[in-house]
Amino acid sequence: MAKKTGVFICSGCGIGESLDVDALVKVAAKECKAPVCKTNGFLCGKEGVELIKQDIAAGELDCVLVVGCSNRVNYEAFDFGPSVVVERVNIREQVAWSQQPNDEDTQAMAEDYIRMYMAKAKTVEAPEPYIAENLSKTIMVVGGGLAGMTAAIEAAKANYQVLLVEKEAALGGWLNKVYKLAPVKAPHTELEDTNLEARIAEINDNPNIKVYTSAVIEKTAGGPGLFDVTIKQNGNEIIERAGAIVLATGAVPYNPEKLGHLGFGMSPNVITQSMFEEIAKKGTITRPSDGKEVKKIAFIQCAGSRDQEHLPYCSAACCIESIKQSLYLKEQDPEAQAYVFYKDIRSSGQYEHFYKKAQMAGVMFIKGDVTDVSEGDEGTLVIEADDLLMGDKTMADEIDLIVLANGMVPTTAFEEGVYMGLGAVAAVTEGAGEAAASCDAPAVPPATIIKSNILNLQYRQGPELPDLKYGFPDSHYICFPYETRRTGIYAAGSVRRPMDMGQSVGDGVGAALKAIQCVELTEQGAAVHPRALDISFPDFQLTRCTQCKRCTDECPFGAINEDEKGNPLINPTRCRRCSTCMGACPERIISFKNYSVPMIGNMLKAFEVPEEDEEKPRILIFACENDAIPAIDMAGISRLQLNAWIRIIPVRCLGSLSLVWINDAMSRGVDGVLLLGCKHGDDYQCHFMKGSELAEIRLSKVSETLDRLGLESERVQARTVSIMDYEVIPKMLAEFMEKIEELGPNPMKGF
Amino acid sequence: MVDNKISSAPIKYDNTFAKEIYSLENGHYVKMCMQCGMCAVSCATRQIMDYSPRRLFNLIRAGKKEEFMRSNTMWMCTTCCMCKVRCPRGIPLVDVMHDLKALALKQGYVEYPQAAFYQAMWAEAFGRGRVFEGGIMARFYLKRGWNEIKKALGMKDLGMEMLKHGRMPIVPPRKIKGLKSLQQIIQRAQSLQEKEAK
Amino acid sequence: MVNNTILVVGGGISGLTTAIEASEVGCEVILVEKNAYLGGKVTQINQYFPKLCPPNCGLEINFKRIKNNPKIKCYTMAEVENISGQEGDFDVTIKINPRYVNENCTACGKCAEACPVERSNDFNYGLDKTKAIYLPHEFAFPAKYVIDPKACAGSGCTKCADVCQYGAIEPAMEAKTVTIKVGSVVWATGWNPYDASKISCYGFGVYPNVISNVMMERMAAVNGPTKGKIVRPSDGKEIKNIAFIQCAGSRDENHIHACSSVCCMASLKQVTYVREQYPDAKIAVYYIDIRARGKHEDFYVKVQNEMNAVFIKGKAGEIKEDPATNDLIVIAEDQINQVLTEEKYDLVVLATGMQPATALSKVPAAMSYDEDGFLASDPASPGIYGAGCVSKPADVAAAVQDATAAALRAIQSVRRRNNG
Amino acid sequence: MRYSVYPGCSLEATALSYMKSLEPVAEALGMHLEEIPDWNCCGASVASGVVGDFAQQVMTARNLALAEEKGLDILVACSSCYMNMGLTNKRFKDDAHFAKLANEALAVGGLKYNGTLRVRQIVDALVNDIGLDKIKARVKRPLTGLKVAGYVGCQTVRALPWEYDDPERPVLLDQLVEALGATAVPFPMKARCCGSSHAIAQTEIVLDCSREILESARSNGASMMVTPCPMCQLNIDAYQGMINKTYNTNYAIPTLFITQLMAIAFDLPPEASALKYCIVSPYEALAPLGVGK
């Protein structure tokens, strides 16, 4: 518990010109009884910082309130080491720069913020890390294909122990099937050997890598640093401990049986890309039907891909693969004819050079929709197509071999249909239903998890990585492609998203880095992205738990399991510190040392709520610190005027919103509560997936209660803001204020 | 560009003709066309071409020799080099068109007046070492016959003006001294080129 | 003695990522950025495809990661001049150009109010102006002002210094050179939009209403020169008729040979910008191939179905201008309909491609490059690695993926040496 | 400064005025021109279409071979000749196999070309060798007030793109015009093709192309066009009457070679400006400058 709190008020950057700083001092020193309270005209300057340092040294302050600018700036100036808790009270961007200068309401706002943060200081504590025992730093790679082998080799090169698990008898995966690789280096025109033997040798020779072939994973228990993986290998069960996991099980070709309309099954001479690789690998490229050397070949692109009936997505690799395969034939017989029927040639980036190479070799590219594939004489085939660039029907006959570019489906998209995240299950299964009813549990929007029988995670929320779309367990974030909803497990290669071989290699390396990072941070008891290095973690007072399952349902990362009695079993190394569980818990038994329900509760009880006749309403704003708070800062930096009645409390994520805060605020006579969080839905922006969405669901529950109490539920509303919405925020607040004025003052005032 | 759908549908892809084209001096460049259409836009005579160069190349790929030979595309080329400068695949279209004209001439497709003009001017250059407007016209009109001569009469004002301003000598310039050796050089070059083609 | 510090050159999304990811593994990292702020090109992008989310959101997180992480040291306004030595033991000289504003700056903004002169705002590609002392943009990190010496009135004028209460302004500040020792280097200097004025037939730089896709990003951004309103540069008029021209300089033997890989998606995204502001505007996209790879196909389908844009298969060949109205006429071969089209537009956006920064300024070490100047994937100098768009044309997700991989290579590089 | 000169056939006939003005202007600027002895036709834009590029380029190479011993840059007036000479020369430098083969053919005439020369278009030499300042300094009769459309034509800038100017938006000719004191009007068609190669075979193409060019010049307020290309000059000047007849228009835009305009600005004797060869009379346009018959 912070006891000695020093308050340091900066009067620079126009604060002094728009606020009565002495009055602020009074509030801090007299009213809040801060043992130390000083002001300075340039607090972030050497002299100002020195001032604070001296008092820390002298008075052994264990908490410092820096009353001035936003914590987005001058962070390094106000870092006094881990033993001193620093709270930044933003009266620059949020008050001086966005409120009427020298106005009593502006003054009141600044004073309230001091009260609120003094209250916070009472409960806030410096967190200590949770450091688990017997942590492993071993990286487990699942899948011995190109991406997996790369991840294994690269992690080992950085001096980490690696477990490589492959279900087939030999390593190599897809590489075992292919004849050659498309170019991955300049000049981007030459076919490259798979170097499979060399790769496997490198793995076998590396003492850091332990390989399990013909092995599957029975189950994966634990969490980062503590994954206990049961590997089944020819009848035996081996249990290995790993620190982090790279999932690189790849993709498989789209089932050609479904491509009858393109002639598959009609003739043995209509084959898939992988079948063609095998033929090319054997040596001479011949017709399956009669072994005749192939003189004329046709490739049909987007066979299944870019087709709402089959695979709506583009498989990303097929154009390159067909270009490569057409060159196989040209290599064998420069006189042979090769046609490629395409929608768009997607030889992106430097693959354009490879496309040119095929053109130079005489491969003919026809932008056309194939309308019919039929059999000609002597096992030949005929393709009819609308040639879009000739504006005419075209026909290619006497074709020896047709290769369907049949795209890819991730290995995570298979088996046993679809398994919903427990949220949904909880809502339907009886027991959970009652439990839910007992604390009117909101139905959690379920994450889709496909039981693909790869990792078999012992997670209450389901056995595999959540699916993003089309069965790919990809990241939803553009700037964070290795974002994962299962801490310490990173997908890489064509299992993550459709990609070509070159990308898979890079992806394997990237995922290896993330896995390494995870074990290193876990060892320090720190969180991984996005709250990287955060050492706080949730503490559960299980004695008061009612087994309502809300925390286990709502944790976006599946960090919480359940014992047989239905008590939550937290896995701290899985925790990402989003505090969604804290907001979910109706009993308020979950809290962090530096973030808790009572702490925020104290803050919202600390500001003054004027009497009704003063006609000074109060609006409490819970703002997500990731996007909403910076946006509000931006409004200040752009000197936009904000409403004078607001009091802002930053939260880690709206997912941490506890309904008791709403009740407390209402019963204090606060006239309105506004939640500012990130966009949700398909293109959600919430950094913890569903935080803002959950908050709104909780709100929908509280509104009934409010209505029962005769309080209009419109007094409590949620809005989504993006970090760029700072221009919109003033209007947003004004509109909400209008609504509140319509409703009139909160009747609970003065009770 | 004259919209000209290929008559006999469907086009049957057959690359024997394409191979013939690829074997020409600049013919292999045709392979590099990615069908972007830049040439169609850049052409000075795009409005009167029946097939844009891009479409012509498609005819070649499809093996539509007759449509190709009858098309006016290569004959309409003014060698202004705009397409050559712009082609994103770096195809020297002007040079390709030269080959295509030469091929057409060789195979006796001479119905376009340009064909006659080319032959006339070449005969002039080869026979004299330098060209003489009067000579070219004479040869051209002889080749093209009565209709063209009528057209020529329509141009007599122009001729008069040229004469009046001393810009159309009636006497041809004398042949160059080294004519014989020039002709031998050219013939040698042609035979070397034929060897190259094989 | 092996040095375990990793030097990252370039503070764009790739460099930031490499630096942060490596530091979160526990490495000491030095990040060098030539601009006055971190974030590079993505700070100038309005929204990312296909989510249409603001880059500042992810940057805010990354900056927070830097703030919380003492292992990263950042130099802004700095350039690497020389690299000598070998893997595990490089000597690097860094030139730090003068900011003329010191660490005392609180970004209160008084100086800019006082400054009497203006400069063309390169952050907005010259579409508006700032004062000679300026904050590059609202989200600038570090949040410190900077003086443009070319624009500054110079010693005669002390207006900014006079109003600054914090002694932050140092007109006498000079460039200084520091030499550091590092174990490995990641080169992530990113890309530049290809100079579209080299594509004569499009008249960029001649016709005011022919703009590049990067300019479009600024125009669409709320913190851009037009506060997010997409209008004609020539007269500020609203848009009725707009064309996007793909492969403006990419896939072109006369310009960038490679495909820039992002322009198709970027234009599809910009179609949504226009449609949002102009429900009735005519929108056309001239293309050779639409390269919406992987799951990006969904976005292409969405734009086709919902944005009411015309897709014309045919590279736009020529732009003519009506000097009276500054309207533009785009000529192309509509290959699906086999006709030449001449369409009138009031704004034309060139999807100018990515030229690697290394095409113009090479790594001061023996490295190999491909024909477009991209760093070749197998480095000639061990211990120096390319990351992001200096290695290949890449969108943000691909650049970040590549940068994450580069972090591991850099770490291996120092650890390998440690093993001896 | 010494140059070898390759006049080309048209400068002996339809473009006499080009040669007649080039020589004195060059002399006035201290350029010594030495005609390549017994030069032959380059094959124009036609020979390749009959005998193929190689044969034509060998034919052209004969001229290069004849000039090589002097070691001087070759000045080329005609755009077609510039294209053939320039491309052939480039190929000798870039393509060893070609050079070997071509020399095999040249050997029949006892000739050889080692690819040591530079082929220069006249505008290139004037701006980049002599320089605009020196030309400005030489101006005796500034062409103040004369509105000129600088018609560059096609092959002069596109045969070897970026060799000395932008192949689509050239600027050097305009700079030259301005250096003489005249005003270069904006002229979007400055690098458009006049259709010359169809002049005889399909005249209407020339008429159509040239009409557009004339229209653009007039609508931009030009009282005169100048060009460095003999074909452009011929078509715009000689065919103007036919154009007027065919489209019943009334263009009367004199078209001079840039060297003729320079002769006027340098105030050289009348035979140097060789105006009598103009079919569309230039005198009205030039009257304000005191230039008469």
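Per-chain residue numbering starts at 1, and chain names A, B, C and D are given in the order in which the chains are listed.
Note that a residue touches a chain if its C-beta (ideal position, glycine included) is under 8 Å from a C-beta of that chain, and two chains touch if they have at least 3 such contacts.
Every value quoted in this text rests on a predicted model; they were computed, and no experiment measured them.
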item: Pair sharing more residue contacts (C-beta pairs) when B-C is set against B-D; value: B-D
item: Nearest-to-centre chain - CA centroid comparison; value: C
item: Chain whose mean Cα position lies farthest from chain B; value: A
item: Gap in Å, rounded to a whole number, between the CA centres of chain C and chain B; value: 47
item: Separation of chain B from chain D, taking each centre as the mean of its C-alpha atoms, in whole Å; value: 23
item: Separation of mean Cα positions, chain D and chain C [Å, integer]; value: 44
item: Separation of chain A from chain B, taking each centre as the mean of its C-alpha atoms, in whole Å; value: 63
item: Residue list for chain D, restricted to those that touch at least two other chains; value: 161, 167-168
item: Shared interface positions of chain C, touching two or more other chains; value: 201, 251, 254, 313, 335, 338
item: Contacts with 2+ other chains: residues of chain A; value: 345, 367, 389, 391
item: Those chain pairs that satisfy the touch definition; value: A-B, A-C, B-C, B-D, C-D
item: Chain C - residues contacting chain A, complex; value: 13, 21, 24-26, 42, 48-49, 51-62, 65, 67-69, 104, 106-108, 138-139, 143, 165-166, 221-223, 227, 251, 257-261, 289-298, 301, 313, 335-338, 368-372, 374, 376-378, 392-398, 400-402, 404-405, 407-409, 411-412, 415-416, 419
item: Interface residues, chain B side, partner chain C - complex; value: 1, 3, 5, 34-38, 40-42, 46-47, 52, 54-55, 85-90
item: Chain B contact footprint on chain C (complex, rising order); value: 201, 247, 251-254, 288, 313-318, 331-333, 335, 338-340
item: Chain B contact footprint on chain A (complex, rising order); value: 337, 339, 345, 355-356, 359-362, 364-367, 384, 387, 389-397
item: Chain C contact footprint on chain A (complex, rising order); value: 12-14, 41-42, 44-45, 69, 72-76, 154-155, 157-159, 184-188, 305-306, 312-316, 344-353, 367, 388-389, 391, 469-470, 472, 474, 476-482, 497-499, 503, 506-507, 509-510, 512-514, 516-517, 520-521, 528-530, 532-534, 626-627, 630, 634, 637-638, 679, 683, 685, 687, 722-724, 726-727
